[in-house]
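Below is one structure; the comments refer to it alone.
By letter and in written order, the chains are A, B, C, D and E; residue numbering begins at 1 in each of them.
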Amino acid sequence: MIKKTKKLFSKKPSKIKKKIGASPGTITYTGEKETSELFIEVYDYNEETVKIRELDRVEEGLEIKTTDTVTWINVNGLRHVNAIEKLGDHFELHPLLLEDIVNVGQRPKLDEYENCMFAVFKMLYYNTEDVLKVEQVSMVLGDNYVLTFQEADGDVFEHIRNRIKEDKGRIRKQGADYLLFCLMDAVVDNYFLIMETLGEKIEDLEEALIDNPNDILVHQIQRLKRESLNIRRSIFPLREVVGRLEKSDNHFITENTQTYYRDLYDHTIQVIETIETYRDMLWGLMDMYMSSVSNKMNNIMKVLTIIATIFIPLTFIVGVYGMNFENMPELHYKNGYYTVWGIMILIFIGMIFYFKRKKWL
Amino acid sequence: MIKKTKKLFSKKPSKIKKKIGASPGTITYTGEKETSELFIEVYDYNEETVKIRELDRVEEGLEIKTTDTVTWINVNGLRHVNAIEKLGDHFELHPLLLEDIVNVGQRPKLDEYENCMFAVFKMLYYNTEDVLKVEQVSMVLGDNYVLTFQEADGDVFEHIRNRIKEDKGRIRKQGADYLLFCLMDAVVDNYFLIMETLGEKIEDLEEALIDNPNDILVHQIQRLKRESLNIRRSIFPLREVVGRLEKSDNHFITENTQTYYRDLYDHTIQVIETIETYRDMLWGLMDMYMSSVSNKMNNIMKVLTIIATIFIPLTFIVGVYGMNFENMPELHYKNGYYTVWGIMILIFIGMIFYFKRKKWL
Amino acid sequence: MIKKTKKLFSKKPSKIKKKIGASPGTITYTGEKETSELFIEVYDYNEETVKIRELDRVEEGLEIKTTDTVTWINVNGLRHVNAIEKLGDHFELHPLLLEDIVNVGQRPKLDEYENCMFAVFKMLYYNTEDVLKVEQVSMVLGDNYVLTFQEADGDVFEHIRNRIKEDKGRIRKQGADYLLFCLMDAVVDNYFLIMETLGEKIEDLEEALIDNPNDILVHQIQRLKRESLNIRRSIFPLREVVGRLEKSDNHFITENTQTYYRDLYDHTIQVIETIETYRDMLWGLMDMYMSSVSNKMNNIMKVLTIIATIFIPLTFIVGVYGMNFENMPELHYKNGYYTVWGIMILIFIGMIFYFKRKKWL
Amino acid sequence: MIKKTKKLFSKKPSKIKKKIGASPGTITYTGEKETSELFIEVYDYNEETVKIRELDRVEEGLEIKTTDTVTWINVNGLRHVNAIEKLGDHFELHPLLLEDIVNVGQRPKLDEYENCMFAVFKMLYYNTEDVLKVEQVSMVLGDNYVLTFQEADGDVFEHIRNRIKEDKGRIRKQGADYLLFCLMDAVVDNYFLIMETLGEKIEDLEEALIDNPNDILVHQIQRLKRESLNIRRSIFPLREVVGRLEKSDNHFITENTQTYYRDLYDHTIQVIETIETYRDMLWGLMDMYMSSVSNKMNNIMKVLTIIATIFIPLTFIVGVYGMNFENMPELHYKNGYYTVWGIMILIFIGMIFYFKRKKWL
Amino acid sequence: MIKKTKKLFSKKPSKIKKKIGASPGTITYTGEKETSELFIEVYDYNEETVKIRELDRVEEGLEIKTTDTVTWINVNGLRHVNAIEKLGDHFELHPLLLEDIVNVGQRPKLDEYENCMFAVFKMLYYNTEDVLKVEQVSMVLGDNYVLTFQEADGDVFEHIRNRIKEDKGRIRKQGADYLLFCLMDAVVDNYFLIMETLGEKIEDLEEALIDNPNDILVHQIQRLKRESLNIRRSIFPLREVVGRLEKSDNHFITENTQTYYRDLYDHTIQVIETIETYRDMLWGLMDMYMSSVSNKMNNIMKVLTIIATIFIPLTFIVGVYGMNFENMPELHYKNGYYTVWGIMILIFIGMIFYFKRKKWL
């Protein structure tokens, strides 16, 4: 009578399923960039000095951390979970935080831990096939250090590296909280580029739609709708994330830097409003398409109706005089043929007038 | 003059009606899984030791409960209301709580009682006919124990059983609140599988729609809409449930474990966002269908109009020379027949040009 | 120069207008159940004893009220405003409360007065013509008594009467606040029946729509939409009403009973979610109808286009050889007639292939 | 190099523009009722006595104000700004308050000043051409007095005048706050009449739509939509206004009267819900129209297709035997003609069956 | 093994990109009005005296600032970033504030700094080609001074200049906070003009749509939708901005002036409601267009169907008697021809009746 409880799901092995069974805090990379090598950059600076190192093993970088300079450790390549765990041990990061770093399906968010703040942002770009790609960037802000984690090489932080190296702006004079702001600002600034590209796509589509509305354009509208939906998902939660950073009262972020987070908040709202506007515009394009198709149908039907309405009665008339009755007096009239032509021309002209009055011509 | 008040509803006896008359706190199973046997599992563990028992009578399991180990009692088969009542008496559960356990139409929710916390979740799966099924899982968290109640055998907790048995992860080192988190996490993780299946269905539908839009696909879109609506109803209330668990300040959930509930909250939001995206995509499919049908209609009408517009006038012309008038000079011209052919070919070519210019060809 | 201010509205006398002029607190029945007789039930009970009386004059019932038993006075027939006023005087009810009892257009609500709580609920049922009817039930909860007021005979409280008489459940052991809960619970439980009926109607409509979409079904969809709108108006405000009861901190409702109100709240939310789902489904039916009509049109047009596109050119050809030109060499060919048939059959087959390739056949 | 800054807007002089230049607090009537004479009513009353005066100059009325009676001054004719300014000086009203009284584009609102409360309501009525008209009524509540300002003669306060004169209800026993409630209540009660009229219009439109859907009805639907939009704008802000009155904690409104404001709040919500329902119904009418037009189109196309599909092939057949080939054996068969008729009748019957099976007939 | 991180975006140089690299607080003009000259106005006044200067270099204006008069410095021409930086240094403005002044893509907002309040508003106008233009106006309120920054010459402040010069209204008697209110009020008042223009455009479009619905009007509807969307973006955030000004508790705005900000808030809400109404109306126009196109299609199809349904059967009949069978007795009947005419006329009349009954004629 005693049975074992059945497992509900056994059909197909999927990437998601592998993750599901794992204990909470298990560190498994869920992204697709399997091939990227581990590559670590370390920037250690204060107002007077800057040390820059590039490593491919995490152990080399850990001794660099000293308390009174700002340290930025940028880790590329999330599939190297061992290195990430070592780093996590060194900075005493919570297992759930490490899990989130490599679990790239995160929603943008801000988590406050006792010894650090943890933020997840999404870097957006169009790849060479013009497909929108999303790369998760995790950022950890602790006392005097910032850690960033990227799925693979390539990012939007080049300007920040230059400013640190060449001591431009106020970055070298400020703490780790200002560095975090600069990194987030770089990600958000980049959204404006994405918006520009998306805006141009919508404009192109609109022109094409006015020119020649067809079925393919509908699919393109749907694709852009979905793209804008994806972008919205990556950006919308930032409203709350950055808003909380601006108002946070812990010791990681100084009051002076919060003014900068307020500026970042403004930009975030601007991007969100732009994406909402684009979504409205895409709905408008769909409306334009539907009304344009209806209009074309009307025009097609007008042509058919005009032709049919003129010639069907005339064809009837000529049919009448094509009948073979013995006794059809009209056939023998001298001007019968010309009379019929006359009548038919009158009908023709009458129809034309009728259509003119109906504004079909 | 004195009359008895009439009863309003007497027409048809229904399952719902039977329940309606009952006194509040009456324990009646309202689900459909009538055939499932009672089957009880008991896990009793701490860091050093684990005892596992499988029972088919509830009395055997009650003595196992001792205060300093964590006890998980998993009850399968809600129609065995007597067993559930005995368990309820033993743990001093409120009658309304017991009523909710067997009343499987509950909305996901979290109720706080004096001596326990009570949560209702929905386990989702597709059955063998690919129909979405919902199974209610009730969870009770008290001091050092967790009770779970399922309608029937089969669940998503197999990984948790293994982790307890084989002492994997931190589950054996933690209290009952962490066990509750693990169970909820397993339910929510499973939603990602459901999302994956639903996402594939939508993609298949979209491909079919681009290939050959027809009436049956509309019914399938509507069915998926309804399915996503059902899933949404099962998942959406978790936002608040898990959010409250994360922020709850009673003694059942330790501060350490709340970090895990925050992680669960993230996942819940992710699932909710995914289902919202799917709903948007399903609306988009409907738009694609309508525009595709309009487009096909336009093409059909173009073919008809082209044929009719070319041949109706020509048929009129040949009708003219099929008339039997005695006096029709053209009929006697030597090249009359060829001239008419010439005119008709000119008309034909003219029409083709006209349609080309209108971009109908 | 002095003029009297004009009255703005004098055209048509309406029921509403009669009420409008009245002083606030004027007690005028605004419903349509003019014919119902006054009928009063009094239940007076505690754990040991129960007294039940049925009256047709209110004075007889007032002496029954003693302080340490629970008294339920159920008044049927709101047009008997004098009786209601007498009852109001006896229990010192506010004139505005009495006005609301007989003014049956109330929105469901909860008003707290100094000496009582006042709730308005809507009892829903389908009458014999399957038209949704709404009956207002007002409930007053004071110290140790509950008053209920109904427009006419017939209600959903029969189970409660039985439980009091036969001492089933815990009703006889509890106070007036528990009785009020039972009454509200009965009203809300009954909504599940209404939901069941509405759900069946929607399913029937959907089947009919798949079978044979036509204009009449659209009107039925609109009628169901309006019905669901009406139900929603009667139910939606309960969310707030019951929620406030659950959290109220006055002395009328004991903490023990509030657990029951939380249960009621769950049910209220369930009903509201169901009605929202039904509304979504009705929108879906409308979409199904429109796409089905478009599809049928496409099929009609295909038939027309196929027939016309095949036979119009053929008719032109036979028209050519129906011309009466003297000099038409083909007419004299031995196999001219058969050649024309051959050409026409080739055209026919070609057209069939063309339509097959276009998937119109 | 020094230039004057350019003015941006100089093209067309408009009423709005004249107002724009004005200093804040400038009192300019912006309505259209230029012709209405100044007419002032003064009611001064307490429980024992009532004095009523009707004036056409404001100075006469000011001495009537004594502290221990309630005074109601009703001013008709907002273009008489001087009189309003005099009144404002006497009661020490803020210039912005006076500006709002005569600036009739106000949104319904409640402003609290130090020495008074200021409310703006909208009186709605249909004029003789059945066009919805909006008249702004401003109300000022101070210690023991109420001022009301109307654009022109004619209002919904006649019942209140009677109740004061004839000492009906509790109005003479209460203070100025109760009078303000009565005035607001009269305005809101009147909305029920507007709702009744609008409801009837919608019902008429629906019947007409079922009877004979046509283009004109669409314009009427749009007009009613716009009308309901206008009504909504006039009523919706009252939700907050009356809600704040109910909960206000200043000394102008006694606790006793707040119960009445709660009643008013109920009515306001009822009206708002009704207007929302009407808007839903108007959307439904639009859907009904569109589906009905589609349906009619389907029926038209069916007729055309049936006729064409039956007769076009038959016409082809008779065309075949109208050809003039020398060698056409069938023409010489004795029963050729009858055979052709037989074939054509068979085709005809076949087609009829085909259409019956397709449910087109 | 060590690689440099790649830069993600290098394809096209864009205006946005140039800005992206910049350090936060970098002052770069992002607008398009490159050609406008620097032009500075200084108004310095109190109740007794007013000094007005117009400059083209910022240094000249700085000494004018004295503490006990109100100073308004209006700067036109944002591309002159050096002048703006000098002004910023003089008044100790935050670099982010200066960046926002010249970064004209700001959303309307209010930022509170320690030594000033900073507001961004949008001035709207239609240019000579009737295209909506947006000009950013930044306003800084400090102790006794207001700074305004405009992209180019031309604004809506002319009335304020006059009121200061000619000591009209209360402006000269009030502080800088009242001046700020006047400037904001001027911007918001101007929105009413924009609303008027937009309203007229919508009305014109509606008339055109009733007259002759066509494809071009759809594009115009879409353009107006987008225009209204743009206006909404410029105005909607003011709701919060002005609301915060009304309730702000810092020392820059006196309690007396806050009453004026409440008035401004009213106007802001009015404008927002108007724009929402317009958006509803534009959706309504789209509905009108679609239903009108459907209706026209129906009429076109009716004409075609009537003609075809009448003449196609008649053409068949005359075709029958155009056949050349030897044995066709009817052809030899004396009245055969007239009989056929009779039958055809009967069919014609029958069809007319049929269409009359279907209300197609």
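Rule of thumb we're sticking to: a residue touches a chain if its C-beta (ideal position, glycine included) is under 8 Å from a C-beta of that chain, and two chains touch if they have at least 3 such contacts.
None of the values given here were measured: they were computed from a predicted structure.
Asker: Indicate the lowest number of steps between chain A and chain C, counting one step per move to a touching chain.
Answerer: Between chain A and chain C, the shortest chain-hopping route counts 2.
Asker: Taking the mean of the CA coordinates per chain, how far is chain C from chain D in Å?
Answerer: Roughly 26 Å, centre to centre.
Asker: Counting only Cα atoms for the centres, state how far chain B is from chain D in Å.
Answerer: Using C-alpha averages as centres, the distance is 41 Å.
Asker: Quick check on chain E: which residues sit in contact with 2+ other chains?
Answerer: 290, 294, 297, 301, 304, 308, 312, 315, 319, 322-324, 328
Asker: So with touch defined the way it is at the top, what topology do the chains form here? Options are line, ring, star, complete, other.
Answerer: Graph shape here is a ring: one loop, exactly two partners per chain.
Asker: Would you mind giving the ring's chain order, read from chain D onward, with chain E coming straight after?
Answerer: Traced from chain D through chain E, the chains around the ring are D, E, A, B, C.
Asker: Which positions of chain D touch chain C when the two form their complex?
Answerer: Listed in rising order, the residues are 37, 39, 41, 54-56, 74, 76, 123, 125, 153-159, 163, 168-171, 181-182, 185-186, 189-190, 192-193, 196, 210, 259-260, 262-263, 266, 269-270, 273, 277, 280-281, 284, 287-288, 290-292, 294-295, 297-298, 301-302, 304-305, 308-309, 312-313, 315-316, 319-320, 322-328, 359-360.
Asker: Using the touch definition up top, name the residues of chain D that touch chain E in the complex.
Answerer: 1-9, 14, 16-17, 19-26, 94, 96, 99-100, 105-107, 109, 111, 113, 212, 214-215, 218-219, 222, 225-226, 229, 233, 286, 289-290, 293-294, 296-297, 300-301, 303-304, 307-308, 311-312, 314-315, 318-319, 321-324, 328, 330-337, 340
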